[in-house]
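Pasting in a structure now, in structure tokens, and then I'll have a few things to ask.
Chain IDs A, B, C, D, E, F and G follow the sequence of writing; residue 1 opens each chain.
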Amino acid sequence: MIPLLLFWLPLVTVLVSAVAGLAIFVAGERRQRLRTWLNLAAAVLKLMLIALIGLLVMAGHTPEFRISLLPELDLVLRADALSMLFATLSALLWLVTTIYAIAYLEHAPNRARFFGFFSLCVASTMGIAMAGNLVTFFIFYELLTLTTWPLVVHTGTAAAIASGRTYLRYTLTGSAVFLIGLVWLYGLAGGQDFIAGGTISELGLDQDWSLRIIFLLLVIGMGVKAALFPLHAWLPKAMVAPAPVSALLHAVAVVKAGAFGLVRVIEDVYGPALVSELGLGLPLAIAAAFTIIYGSALALFQTDIKKRLAFSTVSQVSYIILGVAIGGPVATIGGLVHLVHQGLMKITLFFCAGIFANFLGVKKISQLDGIGRRLPWTSACFTIGALGMIGLPPVAGFISKWYLGAGAVAAGQPWVIIVLVTSTLLNAAYFLPLLKRIWLHDPPRQWPAEVQVSRLETAAMVGSSITTALFSLAVGLLAGFPLSPLNWVTGIVTEYFP
Amino acid sequence: MISWLLPGLVVFLLLNLAAGLVRVARGPTPADRMSSALLFGSTTVAVLLILAEWMSEPAMRNVALLFVMLAAVISLAFFGMPRDIGAGDDEP
Amino acid sequence: MTEAALAGLVFLPLLGACLLLLVPRQWRTALVLLVVVPLPVLLLPITAVVWQQQAVQMAVAGHALPLGIVWRVDALSLLLLWLNAFLLVFVGLQALTRFPPATPAGLRFWPLWLLLAAGIHALLLSADLFNLYVTLELVTLAGIGLIATSNRPAALQAAMRYLLLALMASLLYLLGVGLIYAEIGTLDLYEAGNLLEPGLLPATAMVLMITGLLVKAAIFPLHAWLPAAHGNAPGPVSALLSAIVVKVSIYIVWRLWFWTAEGWPMPALELFLGLLGAGAILYGSALALVQKRLKMVIAYSTVAQLGYLMLIFPLASLLAWQAAGFHLVSHGLAKAALFVAAGNILASLGTDRLRRLAGLDQRLPLDVFTLALASVSLMGLPPSGGFIGKWLFLQAAWEQGAWGWMALIALGGLLAAAYLFRILALTCFHPRSHGHSSRLREPPSRASLAGLLLALAAIGLGFASAPILTMLASAWPGVIAP
Amino acid sequence: MSSAVLFVIVAALLFGIGVYGLIIAGHLLRKLFAINIMGNAIFILMVAASGPLDGKPDALPQALVLTGIVIAVSATAFALALMVRLYQLTGQASLHNNEGGDD
Amino acid sequence: MNLAVDSLIGLGLVALAWQAISGRSLFRGIVMFVVFGLTMALAWARMGAPDLALAEAAIGAGVTGALMLVALRRLVQLHPDQPAEPKRARSRLALPIALLAASLVAVIGLGAVSVDREPGRAGVAVMDNLAETGLSNPITGVLLVFRNLDTLLEVAVLLAAFLAALAVFRDQEQAPAPPRGDLPLVGALLAIIVPLTILVSVHLLLAGSHEPGGAFQAGAVLAAGGVLLILAGRLQPASGMPLATALPLVLGLLVFSVIGLAMMLTGAPLLALPGLWAVYLIEAAMMISIALTLVLLFAGASGLRRERP
Amino acid sequence: MRGNRDTSNASRRQRWAWALQIFIVLLLLWIMLNGLAQLWAGLIAALAGAAIGAWLASGQPHPWKPHRLLAFAGFFLWESLKGGIDVAWRAFHPKLPIQPGFTSYRMALPAGQPRTLMVSTVSLLPGTLSADLDDSGEMLEVHGLTPDAMDSVFRLEAWITWLFSLDR
Amino acid sequence: MSMGDTSLVEWIATSLLVLGALFYLAGTVGLLRFPDVHCRLHALTKADNLGLLLVCAGLGLLACDWQVAALLGTIWLLGLLAATVSAHLIARHACRDHSATSSRTGSA
């Protein structure tokens, strides 16, 4: 029983949302109630399955699903500690986002299509989380591109289609580069599973330059999705998508997939030791640092709320990359934990921005004046998220930045502190004016496009925001708790740096 | 019998044909072209018959038979042509 | 048993075509089914034997070489036979709705369809150079006749162009056959491989034959006839033409190159053929991007995708062999699915102009879904069959350190994505264009189902690669040859 | 110079003429002539190039050519039908570039 | 002297071919092409290929020429006002390409003629095995016994061509009624030639076993008779395909396949013919099919009917 | 009445007569081509040919006597010899002594074989060519190389009248 | 058969053949020299048929085989038929278009 369970469980977990997605397509546009139930049931079921896998992992089992695509090329889905981290995050946020999206899209057209692809997108993310080797990762990575594209172009406006085209141009080029690197690596080292500490460091390959170029190719491939400078341009454009999509794109699925992939490459394929031996960490760290500053700086000049948040994402995701690129246990903890923290905070921010836009038609920063009095709960959530981003204790963001700084010093790279400080200042510079407007300015006589919303919608959307906001507070406040992301990450990192 | 008589005749008839082709080329009316095709048919029959004798290949007589039998097909097909079929024809 | 199955492959459709003209109209549908459905069954015993012995050989009329004609089936031909059987069944499903056999249109269509099937089967079985010529002509003429059943000016124009070029191409091939016979006095493909020594004359013959075949296979820059022909043919016909008919010419090129001309030192030619493939990929994709009609996009995509099949010449390894074979099958399925879906759309809307397709996903969801699925395979996105093909190609190129080819393959995938996503964006996400709602005629569900099944097969192929690759490996001439 | 050589040269010339005609001809009928001439050139070559066996001509190429002739006739007949129909529909008996076609 | 004859024929072929493609009027081109076909028959005769000469004579004189003329007639009748012939393509490359092609063929052809090679192995095998078949014409041996799959498929090609043409025939454009045989001479011609074509075709069919001739030549001659009848208006195109038309149309293929397959039941190889009678039977059926297919292709219709009273 | 299109009114007996004539001719031809070896096939072919011939048969067969036919053949052979020599002489003559012109000639012969024979043989007589026939089938347009060529046409008509015993 | 006998037959045959060829030549000359279609047809039908007759006779003598001779005779008869019918058809075709062609002929 247990072996069978261990074999099929990862696949089932991935397929739950895929099946839900297909069922939503088949059910069609009209059957709204069925769709809602499908959505929620699948999300809850998935969360339970993740919990089950988590229990099994903690009990020392490794659920693993494996079929052969080609000789020596397996499709492997496996639950290890790192995948559980990402999987839990996505499953949790999916549930919340689903609730939010159901309310958000209450009156929008084409919902069947939206929720269908939404579910497929989550299935792909889950596949990425559980991918047991780089090929599997790549497969789901591509599927993610495929399933998010319909969401980006969902509204069907010219702007949406144009941004969809940009999105595809970047991501598909990225994956083509990725694929070349992958085949190359495969040719050199074979298609091995992810192993903590790296697979190819064991092989003792005498191919330094090949490995460096492969690393570059892989970084480009992942960097596109992770919006690493200069591959970030698609992300702000993709803001035309509906708010839940932005939330998902930025907080959970796409950018995280890129960052997560980089973590996998550095920690599980090359291994930290080989990365530093080949001298790959520093350039990557520099690129990440540059992206952090660059994204923050550009965010300053945005007048659109979602655009500003988007550039903030560009900068924040690079914290994760920075963390793993610096190397050393402490910085790695900082990077990995930011994966979770940034997700929680950013999704809160996007939820709130969506509420502003949906309820009141507020899309520009200049229109935020006095919104705190009109939508106090939402504004409070927004504030928590923003403060977390700046890195103010006790919100989650602070912990990440602390570990990053400490790790940098520990790894002998004190210049990172300067980057962190500059970035924090910039963060403050672009978030604080917003908060000031929200709370201190007077509300206008009339909101740009106020609409009547039902109580249920309000409850669902604001409730979701509050939930995620509370989570971001909680992971900061309860960082010392045994099951907190920080502890979890620490556990993972000890495997990498025994 | 003179050994080169039969091939000589063939050459002679072929030259004859070549001369007749001038009429096909010059026209001027389609009927002219058709009539030289007629010449072609009857001369070729003779050529084939002589070839049959010369090459000792009796099957050539069958070929000649086919030619002469089917010569009328083309004439008949030509007969159905519209009168102005060759319009815009003529000397290069 | 095997011999009967082999004979059945050719004679069942052949007799079917004849009988179709004879039987009363109400029996025709049953007759068509009776012919098409058993074809996959016939392949089973053959597959079993090929699996065990690598090849089946049979002297037609019992005359041994060099006197008679020999049929020979190895894994490569078997693979194409399977592909063909699959296509006949599923594309036939659409064709049954488009051309009901009991109607006059059906009577024009089905006998040709069956003759085409018989021709393809005979071609794939045959190992005789001249017999290949005859079968090639049968395939070409039946194919062009099927294009002409559309009877629209554009289609007829395309058919005419195709016919002229195909005739010329056959002549080039025939010239090569004549030279080879003059040189060694045998027509068997494999025997010729043993007897022919590399030299000016055999090489010229080979080049002539291959040139002719490349015209028939529409390899860039000899592709000019293909887009119009495939773009204007009736839906099921386009599907079959793009999915298998052009491929059988390439199949013969492979046979000639790797069996008859096995081991000849022709590096420049290898590279040249590869470059043609590269040209096809780039040029076909670029033109697919600017087409205004759905079927034309798909047709140009065929031009592009056929280019991959040429990459086997410069790469020339077991992996490349597997890659090309696999690509051939996966492209066949995906392309057939695309054309079937496009045919349904065209039949429903009365047009396939791209700008008229906006918002189609609401009205013909199944067909649009088929388009999307097939596109995924065509772009080589995982986990489809197309991905496995691309992966194998990349690996083959990597093995030889051929970075240029690797880049090309990656680029080809991107370009495919570019033109296919353009269609998907239009069909699914553009606001619906007004006016076509009243004229929409739902395609029969069987027709849509046919496309969907083909598309699913194209995707599913990604999970069933192992047996195919094993079989392909057994047919790799590098293994057979001493 | 033997007859075989002579006929090979004739075949070559015919082939060239056929190719030339195929390229320059405007009317489809002419293109068909050209293709048929090319075909005949190749048939001649096939028979002439495979030399005699024991003094008698090799029968096999002749049989092949016979098959080839039948095929050429079939294709020509079909092409003519196609041409007539095309002319009826479009008023043109030549190939022109309109590949996108009408819908 | 041989050479003089041959070079005259060759020269004629080249000149005719050139005239056929380059002349100014289409009609003249057709005449030249027909004459070219007749000259080909002479050439075959000279090359020691009487079978081919027969085929060329029957096809060239009886079918192709008439087919082309009638096609031209239909074109002219469809759009009488159109200019007769579209402009010729001007291509600077045409001449170089043609010269290149010609020289290529010349070089390889001469190479093939001059190489010192072993005799055609398959050709030798044909001669060695001919006696077993009971036939004495090696070409019929190849076509009906040794490589009969080619022949079978060739008949299928013919059928495919017909079916393909059927797809473009439309009833409304049925051949405009050909000139009626209202000339006494035409009546006499028909009364003499048509029965003769039947006789000659049967003769060629039977002769095929031991001397030049065979199903195709016979079929072509028979077809020529049919063409004559159509030209004279005695047979007219009709739509629809009654069984009486369809059966003979596919008879050759049917008989050939059934005999070939039936042999498998007895354990013999596919298409191994049981004896000379089978050869004759198949040839007869093929002759009928070939003739009818060619006639229908000529008529431009799926069926034929008698002259309307 | 048109020349020979009246197939419908050829009676059954006349058709049999036609068929028999054609059958015999064809059988003789077969024997000539093949000898007596495969007479069965010849019989079949001749029968088929006769059937077709009878279907094509036109008008009523006019009775003719064999000895008159032989005499007519002699006349015809002689005339065509003369015709050939005549036209060859004119063609080779440096001055090209011809004065072409058309003459309309009304035939007194009945429709059917006699008229057909007339129209076809006119072309082989010296200096004449049957160029056209009007719709009634009686007026023959004769093209003459010289004005006096018409003489032979008159003689021909007389011969044909005699051959078919029409003068009674 | 004695030698002399044979040679006599051969001499006759040879002269017949040569004579036949000359008539063919006459036909061609006529075709080229005569002014219009109808005159040319005269040349063709009459001269060529005589030519064919002579050639057939000559060859029949040479072959010395009744079957061949009969075949040659048949061929000649058929040639006769084809020639007269074709000549008539072509002449008629030209006649019906006489007004048009004669002006053309004049100009040519």
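Following the convention adopted for this analysis, contacts are C-beta pairs under 8 Å (C-beta built on N, C-alpha and C of every residue); 3 or more make two chains touch, one makes a residue touch a chain.
Small disclaimer: the values here were computed from a predicted structure and weren't measured.
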| Third chains touching both subunit E and subunit C | D
| query | Taking mean CA positions as centres, which chain lies farthest from subunit D? | reply | A
| request: Using the touch rule from the top, point out the two chains with the most contacting C-beta pairs. | output: D-E
| task | Specify the chain with the shortest distance from its C-alpha centroid to the centroid of every protein C-alpha atom present. | result | C
| remark: Cα centroid separation, subunit A vs subunit B, in Å, comes to 88
| message | Can you work out the whole-Å distance between the CA centroids of subunit B and subunit E? | response | 20
| note | Chain centres from averaged Cα atoms put subunit B and subunit F apart, in whole Å, by 23
| said: So the centre of each chain is just the mean of its C-alpha atoms; given that, what is the distance between subunit D and subunit E in Å? | reply: 13
| Residues of subunit G touching at least two other chains | 27, 41, 49, 51, 71, 74, 78, 81, 83-85, 87-89, 91-92, 94, 96
| Got the subunit F residues that touch at least 2 other chains? | 29, 33, 119-120, 133
| note | Multi-partner residues in subunit D (2 or more other chains touched) are 45, 49-51, 60-61, 64, 67, 71, 74-75, 78, 82-83, 85
| message | Strictly by the criterion at the top, what is the full list of touching chain pairs? | response | A-C, B-E, B-G, C-D, C-E, D-E, E-F, E-G, F-G
| query | Okay, in this complex, where on subunit C does subunit A touch? | reply | 361-362, 365, 369, 376, 381-383, 387-388, 390-392, 394-395, 398-399, 406-407, 410-411, 413-414, 417-418, 421, 425, 428-431, 462-463, 465-466, 469
| said: If we count contacts the way the header does, which residues on subunit E are in touch with subunit C in the complex? | reply: 104-105, 108, 111-113, 115, 117-126, 129, 145-150, 153-154, 156-157, 159-161, 163-168, 170, 241, 243, 246-247, 249-250, 253-254, 257-258, 260-261, 264, 268-273
| said: Help me check something: in the complex, which residues belonging to subunit B touch subunit E? | reply: 4, 7-8, 10-11, 14-15, 17-18, 21, 24-25, 27, 30, 33-34, 36-37, 40-41, 44, 47-48, 51, 55, 57-60, 62-63, 65-67, 69-74, 76-82, 84-90, 92
| note | Interface with subunit B, subunit G side, in the complex: residues 10, 14, 17-18, 20-21, 24-25, 27-28, 31-32, 37, 40-41, 44, 48-49, 51-52, 55-56, 59, 62-63, 68, 71-72, 74-75, 78-79, 81-83, 85-87, 89-94, 96-97, 100-101, 104-105, 108
| request: Quick one: which bits of subunit D touch subunit E in the complex? Just the residue numbers, please. | output: 1-21, 23-27, 29-30, 33-34, 36-37, 40-41, 43-45, 47-54, 56-67, 69-71, 73-78, 80-85, 87-88, 91-94
